[in-house]
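Each of the next two complexes has subunit A plus one more chain, namely subunit B in the first and subunit C in the second.
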Partner chain A sequence: MIPKPSTIKRHLEAIITGLKYIFVKNRLTLRYPEMVQLLSENYRGMIKYYMDRCISCTLCARICPADAIKMYTVGENKLPGINYMRCIFCGFCVDICPKEALEFTNIHDLAYYTREEQIQKPIEFSKGPPKPIFKKEPMKIVVKLDKSRGLKYERT
Partner chain B sequence: MSEDKFMQVLIGPQHPGSGHMRFIVKMDGDIISEFEPDIGYVHRAVEKIAESKRYIQIVPLVERPILADTANINLGYILALERLLGIDAPPRAQYLRTLLAEINRIHSHLYGLGIHGIMIGSSTIFMWCFADREIWIELAQELTGARITYSYMIPGGVRRDLPNGFNEKLSKAIAYMEERLKDYEKIFINNPVVTARLIDVGIIKKDDAIKLGIVGPNLRASGVAYDVRKIEPYCAYPEIDFDIIVRKEGDAYSRVLVRFEEIKQSMKIVKQVVEKIPSGPIINESYLKLIPPKLREKAEQTGIWKMPAIFINLKPRKGEAISRVEAGRGEVTHYIVSDGSPNPYRFRVVTPSFRNLIAFKYTMPGHRLADIPAIYGSLDYFPPSADR
Partner chain C sequence: MISLDQIIRLIFFPPIFITIVFPGLIALLIVIVFLIWLERKIAAKVQLRYGPLYILKPLGGVIQTVADLLRYLFAEVIIPRRADKFSFIMAPILSFGFAFIPIVALPISSKYFAFKSDLSLLVVLALLTIAPIFILIIGWASDNKFSFIGSLREGYMIMAYEVPLFLSVLAMAILYNTLDIIEIVETQSKWVWGILLNPIAAFVFLICTFMMTARFPFEISEAEQEIVMGPFTEYTGIIFGLCMSYSYIKLYILSLLFAYLFLGGWYPIVWPFTLNPIMPGIITLIKGLIVMIIGIFLRSVYPRFRVDQTLRIGWEGMFVLSIVALILSFSLVILVK
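Entry: the complex of A and B
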């Protein structure tokens, strides 16, 4: 069967469009951990806890939809601790805190060596999320939106 | 001949074959004579768990079944809850809700288009869709702080205001996407390999579509102009100009086209939203005054609002409420029964995938085995959403 001319035209269009992208390279993946994307300031990442601001109101533990935040008794106070195995990063605890004792960070490299390390009692929780360890200092990348390429990764 | 001429083929429940479900197919040679979808493999009892949660804690929970379209299902739940609480979101919040719902619709459609592409063997379109989906996820992340599970809408408003420079980023994304969609047409939509696989395959006639009760783009591809955004407008939709995409053919190809055109319509809506968005508060006045003044001042500068402590103990009036929302895959219905306590007495979600599921049983018979992926993909079925 001989294909219609319109079919041949559409075939050619598809092939030419495909060929175009051989030359217009638009890589959309990042070579983690050699390259790390810097997340924006308002990213809902791991949570930082300021123990000195905390008034032990328990609101964070009560709103937590995943039972990740639990109150522990430290001396005479009740202070929150977090279980990162349960946390779903909804950020309700941060938003409900009346004293800004909880804060978002833009860290989301959630990797630990042991299970126990992920259950953080108030003291550990107040130390903040750990700084991710890389074998070699990674290249920091920011994502920019671009009219011609969509996403563009730029070195900072 | 006896019954022996039929062969039973089980497809799935391994994920690469069929998603989180099993198809029990009765084959007559290469022709499907009976097709039975067997669902429930990812049932997580979301509705029952909701009965033990506080109203605000259900916000992240309802998102879990439909991860590709979290904003719309979140919106439906919040609308039903607001009806029970007897409050309303201020106009600016309504526009922000529409904005996120449409950004989510775009990346949900790209997800569906990409999965369909790989199902019929076009890995190019799969890569393209998932790469371009990243742009919309990046925009949503800018607005909400999360990539997929936004939990952005709360009773009486939204959590965050438009960040600085968002409009500029959005216009760049739209400009890119409009150009890019032309290439989509050339490499996928008009590609003779694709049209050969999809045209006149899996036809759902208009009457059948209505009788089966399917929803969303699948229904509109069968010639029924039904869209909750037009029929029962909510949020900012009454003030926004957009068209319902309808096609008459009802085949797999027309369903792809409806989704493809809806991406363009959603971009049209998003453009209007950022132009028309009114200024003002983003949380209802009655909740706004409960936020400590110091935090309120700070929130006005940063645009990231705090929640009032009352959210833990939301006690809606005794009664029931229902809401309908047009999600990416179709109409989502939320039904809440309240007995006046801080937990719902009964919670029910009817998801679009559950309503579209029946289409498999009546569309597949008569086709060849190789047509299963072509039809399955075109229905944009999402098993976790049906199983809940």
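Entry: the complex of A and C
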């Protein structure tokens, strides 16, 4: 079996490509606690609720496709609470709210100890998600499109 | 009462130093730890990942393999009920042992060796060929279809790589007119490196080394995506550690052999290495490491060949090339005379 010249060429091409990638310095892994990606303003993170703007129209609870938002009776009003175990971050509630009482934050990296903590009643819901705490100040990274490599990370 | 002087003399007694320290157990352990880490790291780099990182972070996770080894040590060894108990336990130990024994015949320099024999090259190769037999026994003893298929694949390949390997070594032996590793290296120091004298034999030896040690693209007997872990599917704990390091030991020995046969062994000896008869070994180790790194780098580039493709490469490619290498050696010898 004598290999064709094209076969040998392809073997060499594969090896050269592999060697090239060893020395190119651009990885796609984001080392999370040390590097944090800066998110855009339109990012759909956890939801913040402004209780003073709310007019108790219940539209958010009705539009929610995952049954995550539920109305609770607080005093005389009915106000929304959220269940983060169900929420799919689709943004329907934020879009439909006529008084802009619901708003996306760009916080998404949160963990809870118990299931009950994830069901937030109106008062807890209005406090908004807490900011994540890092041991060290993380490096801020921006994702950019690159023609040759696809995605590219850059420091800010 | 044994004095310190006696202990030092005992450690540096060639048969003990070569088997225990270098190129024996201690050097072997360090090289394997480094190689497995480097293999994962290179594959990660080519795939735009980081690889092992968090154990000893300043050095990029070098001791990740030590952590893995500790985990293997403390894991429970499970023996399947239907396995043949005696051969199930003994076969990996013996295959590890027989893969390790050839180290005795590897010299460190022309003045420092465990034993000098006219046939030391043949001793190394003959002992290396015993180990695969135990892979076949493992496949039979495990009573598992994946082990069985894996060991059968190994059995198919044994002939396909051993015959060309031996023929390429024979070509070099004809060229140097000896089977003694020390004399082979000494001959190369007077002439040129073997890789320049007979590049075809060097190529065949290199490819057969990768076939023999289950490197990519010939990682057929252990094919993870197809047959779990091949012959070693049923193994757990430290016995699995033995199985895993088995192919690395073979790679280590064959790479050192490649350095002796084709890359001039411990020559050229420059200043700091002339101080001690053990120091030239470092040069051999560096040359061998380069060969090993080529072997582990291929993992990140190649997919896996099928069994029939590998057999075709072995019999129709490497076998023919090794005969061409033989003819080349003969003609070179005749030309010189």
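Methods note: the second predicted complex is superposed on the first by the 152 of 156 C-alpha atoms of A that agree within 3 Å, B and C clash if a C-alpha of one lies under 4 Å from a C-alpha of the other, contacts with A are read in each partner's own complex, and residues count from 1 in each chain.
Heads up, the rule we're going with is that a contact is a pair of C-beta atoms (placed from the backbone, for glycine too) under 8 Å apart; a residue touches a chain by one contact, two chains touch by 3 or more.
Keep in mind that what you see is a predicted model, and the values were worked out from it rather than measured.
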Margin query: Quick check on the superposition: with subunit A as the shared anchor, is it clash or fit for subunit B versus subunit C?
Written below: fit
Margin query: Let me test your reading of the model: by the given contact rule, A:50 touches which partner, first (subunit B), second (subunit C), both or neither?
Written below: neither
Note to self: Is A:65 touching anything from subunit B or subunit C once the two structures are fitted on A? First, second, both or neither.
What the structure shows: first
Note to self: Quick check for you: in the superposed arrangement, does A:153 touch first (subunit B), second (subunit C), both or neither?
What the structure shows: neither
Margin query: Once chain A of both complexes is superposed, is A:18 in touch with subunit B (first), subunit C (second), both, or neither?
Written below: both
Next item on the list: Based on the superposed arrangement, let me know which partner A:28 touches: subunit B (first), subunit C (second), both, or neither?
Entry: both
Next item on the list: Could you let me know whether more residues of subunit A are touched by subunit B or by subunit C?
Entry: B
Check: In the superposed arrangement, does A:84 touch subunit B (first), subunit C (second), both or neither?
Finding: neither
Checklist line | Smallest separation of CA atoms, subunit C relative to subunit B, angstrom | finding: 5
Checklist line | Contact residues common to both interfaces of subunit A (with subunit B and with subunit C) | finding: 3, 14, 17-18, 26, 28
Item checked: Partner subunit C, residues of subunit A touching it in the complex -> 1, 3, 14-15, 17-19, 21-22, 26-29, 31
Check: Across the complex, what residues on subunit A touch subunit B?
Finding: 3, 7, 10-11, 13-14, 16-18, 20, 26, 28, 40, 42-44, 57, 59, 62-66, 88-92, 95-98, 100, 104, 143, 145-151
Margin query: Help me check something: in the complex, which residues belonging to subunit B touch subunit A?
Written below: 53-54, 56-61, 124, 131-132, 134-135, 138-139, 141-142, 144-146, 149, 151, 159-160, 163, 169, 172-173, 175-177, 179-180, 183, 186-188, 190-193, 195, 292, 295, 304-307, 309, 311-312
Margin query: For a test of understanding, state which residues of subunit C touch subunit A in their complex under the given definition.
Written below: 42, 45-46, 48-50, 53, 297-298, 300-302, 312-313, 316-317, 320
